[in-house]
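Next come two complexes, and both contain chain A; in the first it sits with chain B, in the second with chain C.
So, the complex of A and B:
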């Protein structure tokens, strides 16, 4: 296909939007004063409303949709540019890494929730399975650490498969109670179990790939020292890239079509010969795998885990991210995760009130804009096909 | 095992079961009329308990010390306030989402629960710490060997039983109960018969939330301590109990509540080396029961409309 001049017109709003967003985020991460942060947030809200009002949003959305591959790479580059800019600042880099890990988690939930429509209120528990797997394996085995990431994911998928029978046999509210019960059970189990450290938690060794120690700052020459979180951001970006591609491909493929059909109407899907059980198991397992993998990476990054990291409240925050972003739209997740992770950390004034504010925000969202910030667009069956 | 000690366990289990049953009945009532799960129910219970605590402190400050009067006023104020809160939740949060997917209502009420208990934590004086609940009932105790019967526990148990029988009579013998059952069975037909649907929903939410307030005060009186997070576990247990019994069925909810308490007690008794695992055991059994009977022990009689 020949790229002509009008294509450039499509591309431009996306590029501009990306640059503005990158600069804005860098600015938000950099400023310290509470009033400046609040001012920046107000500006963002006003700008977003104005952009929607004057039709800029759909154009940015269009350029992202039509050039998704190049833009994904560009976003990864933008993250790396930000990382290079903040190379010494541990706290900001930790925030960026946390955002990346949370996006992986919500991608997993998105497969379960957004595609096949299975409720999972035990996100934090599966995340915790990944974390504890990493803690135990780094301590007691010489397994290569990249492999441990995969094993963390497999472990979460395995534990999830123990729940699969009750989850499959029940529907709707009844299956919600199973994941909720599992989430609580998991946390209580960790608290009373002495082998896994009990309420005090466990220490986790840092990552070490082929002698490259992740928990050491990188020193180049004499005066350039790069924070060790950069290592985790790089691995995180790689894992995120793989997961994002997986989710995107899955959505585009006939598997995604099957999953959508099952979510929209189970009975009709079954009538057309779709195997409900097979696809539900697939979606649940793949989703938990991603969550567990993210957990393993998180554990190795923060170096210390305790049962209080995996409460029901955390599961709810994960679910709210998926809902705020727009169920089923991976790009929405990215935006929602950035908002929900970075804003409370930067705006220390609301730190104490963050659960209250999140919850209120989600409630308002459900009442007045239930489709989320970036609703999932209609499926395009052929990339170049434009309905008239 | 000593028979007295066993009696103690049974008494404790009955007490827990009564609280769970009261919470579960609320869940099942809401589900009956509106087919929604109101997850803020557990936190309504918390707010109810704190309302009761605030009332009793206020009465003490006013110098009213007649014990029976205080108890009655504490129960009444908590129940009335929570009934109002429940009706408010139904009118402004749950009913507007009636035609939305069930997931949205579920999330909305979950978030509302967080708002409620966070509000208690942040805005009640020193709400983040556990609060001592005054013992308003006589704490006299009679000992039979290892078994100690406290007067207040016996009174609470009897009061709880009376409330449950009251709800049973209300649902089955009164005109209001008939209307509630009609709405639960078929909303549209009920409307055609001239039943004010919205009013019935509000009344049902008020009744359920009032029951939660009763359970909250019961919890406070029995353990002499309340905290902002107590609603979460009680709510989830109540919900599990309602589910295990079969949503929409009041007797199922009551059976479920006592069953869960029995599981916890058995867990504590049978695993003496690991009584800390009693909740793990209880939730594990709940998951197994759900795998065995996906729609609860007494299942709803519905045929699916396609």
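So, the complex of A and C:
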């Protein structure tokens, strides 16, 4: 294929944006002085505002839209470069892995809330279902661990559909109320259930794929030791890649259209033959599958899980990521997850107040930019396709 | 009165909302390939009749036979599959979606809805997408050729007349046997209404085997495009006939103008 100059013009803003962002994130992760971190954050806000003001953002957006495949790979490479740079720093690598896992979770929530319009306030609980499934299965069965990831997802999907089926005949937000109840119940259930460790929680075996022990540092030669978190980052990136592709294909198909139509007007959708229950269950189930799978991976990575990991507050953070990022836009989720996971960890001054801060951010967002940081663009079924 | 000549037969349809009888033992026959005007003052049950036929409301008694099949109280989805499509009084397009997306919502039964087809077989999906894109474009060209080049723009950015056209396209794309138009002229100027009626007449000419029921307040429109009229008042049919016959009827004048 002949590369022409205009195409390069489309590519350039994306490449530049990616490099700047990678360097910036590496810097943010490395710096430890609180004033320097605060300064970096201020710079980011100013730069983002300036970029919006001078129309740089739409150009970067266009690069990403028209070359989404190559850019997704480039981002994965950028993550690997960052990982190589921080190869022995456990804390930073854990943060990166957590961001990756959280993006998978919010991709799931996005199918539910962003596409079909069902609010799920039990994100942390479905995540927990995946975690506990992994804990029980790694301890008691010889099942291959990659399969356990899938089973974790299936469990969350199964419990989710069981929960939601009875209320789907009703209209409005009954399903959201049910998820709140389930989220609260799940934590209490874990606390009183001795088989699942009660309030003390459970140990989870580390991942082991074909004899490759994930929880051991990788030693290359005598003096190069790479943190074991790198294993999880690699698997996380693979799962994320698959999840992202799934969400994209879903959106760019008739199913994505059905989900949008139902969110926007149930009565009209029903008048054109759409089976509301079928599509709601589909979206809810697929979303919970991703959340549960992410949970199973997370449990194996951290090695220990307890009911306090799965509170209603955690579910709210997950929902606020979706609201902040741009409802329905997977790239918005990536940006919002990075902000909401990394910033409180780095800036210790706000750790205690993070709920207050998140709540304020979401409220300001809904007031002044309800479409989110990166608004969802119109559906293109095949981005490069032009009508004849 | 045989089933051959009548596409839709409603018998003694009744719909109550609490104490209010919205339609009251309404019987109505619609001949194939005609345009039937449904007129009557506000609150006379016209839209309720549409909502009962299309399965949005369940009727309290009575039955509806469409194309020889009993469709009384079927869910909206089944009514659509049987071949009835509609527009709404207050336009119910999905404004954030593109023209193409909106039309494709109406095309639901011609699209492959399988999970694997949509997610796994992108090549096959693309062929169907291109095929349906051409269909949608041909259809919208009948209404307004420039719209065919703007298929991937959000509907929210278009003026009311274009939205009505898109809404009618959404109903027509499934090739229904019966099209229900609920006050297509609402919110439009006189000139726009005239244009839209030209469009509807043109579609009617091009599409064989299409029957239309139109709810309308503008008598000019009714006079121009309908073959037959039914007048409702307080949920009852008070008169049926050609526009001239209906307009001359005393009861109608009474309902509309309050003349005794």
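Assume the second predicted complex is superposed on the first by the 377 of 388 C-alpha atoms of A that agree within 3 Å, B and C clash if a C-alpha of one lies under 4 Å from a C-alpha of the other, contacts with A are read in each partner's own complex, and residues count from 1 in each chain.
The criterion applied here is as follows: contacts are C-beta pairs under 8 Å (C-beta built on N, C-alpha and C of every residue); 3 or more make two chains touch, one makes a residue touch a chain.
Here the structure is a predicted model, which is why all the values come from computation and not from measurement.
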Is A:169 contacted by the first partner chain B, the second partner chain C, both or neither?
first
Quick one: name whichever of chain B and chain C touches more residues of chain A.
B
First (chain B), second (chain C), both or neither touched by A:363
first
Classify the contacts of A:350 with the two partner chains as first (chain B alone), second (chain C alone), both, or neither.
neither
Does chain B (first) or chain C (second) touch A:270, or do both, or does neither?
second
Applying the document's definition of touch, where does A:38 land relative to chain B and chain C: first, second, both, or neither?
neither
Looking at the overlay, does A:177 come into contact with chain B only (first), chain C only (second), both, or neither?
first
According to the stated criteria, A:282 is in contact with first (chain B), second (chain C), both, or neither; which is it?
second
Would you check which partner chain A:379 touches, where first means chain B only, second means chain C only, and both and neither mean what they say?
second
Overlap of chain B and chain C contacts on chain A, residues 267
What part of chain A is in contact with chain C in the complex they form?
246, 249-250, 253-255, 257-258, 260-261, 264-265, 267-275, 282, 378-382, 385, 387
Using the touch definition up top, name the residues of chain B that touch chain A in the complex.
31, 37, 93, 96-97, 100, 102-104, 106-108, 110-112, 114-115, 118-119, 122, 232-233, 236, 239-240, 243, 247, 274, 276-277, 279-280, 283-284, 286-288, 290-291, 294-296, 304, 306
Chain A - residues contacting chain B, complex:
119, 163, 165-166, 169-174, 176-178, 180-182, 184-185, 188-189, 191-192, 267, 312-313, 316, 319-320, 323, 352-353, 355-356, 358-360, 362-363, 366-367, 370
Residue numbers on chain C that touch chain A, as the complex places them:
54-56, 75-77, 79-81, 85-86, 88, 92-98, 101, 104-106, 108-109, 111-113, 115, 118-119, 122, 125-126, 129, 133, 137, 151-154, 170, 174
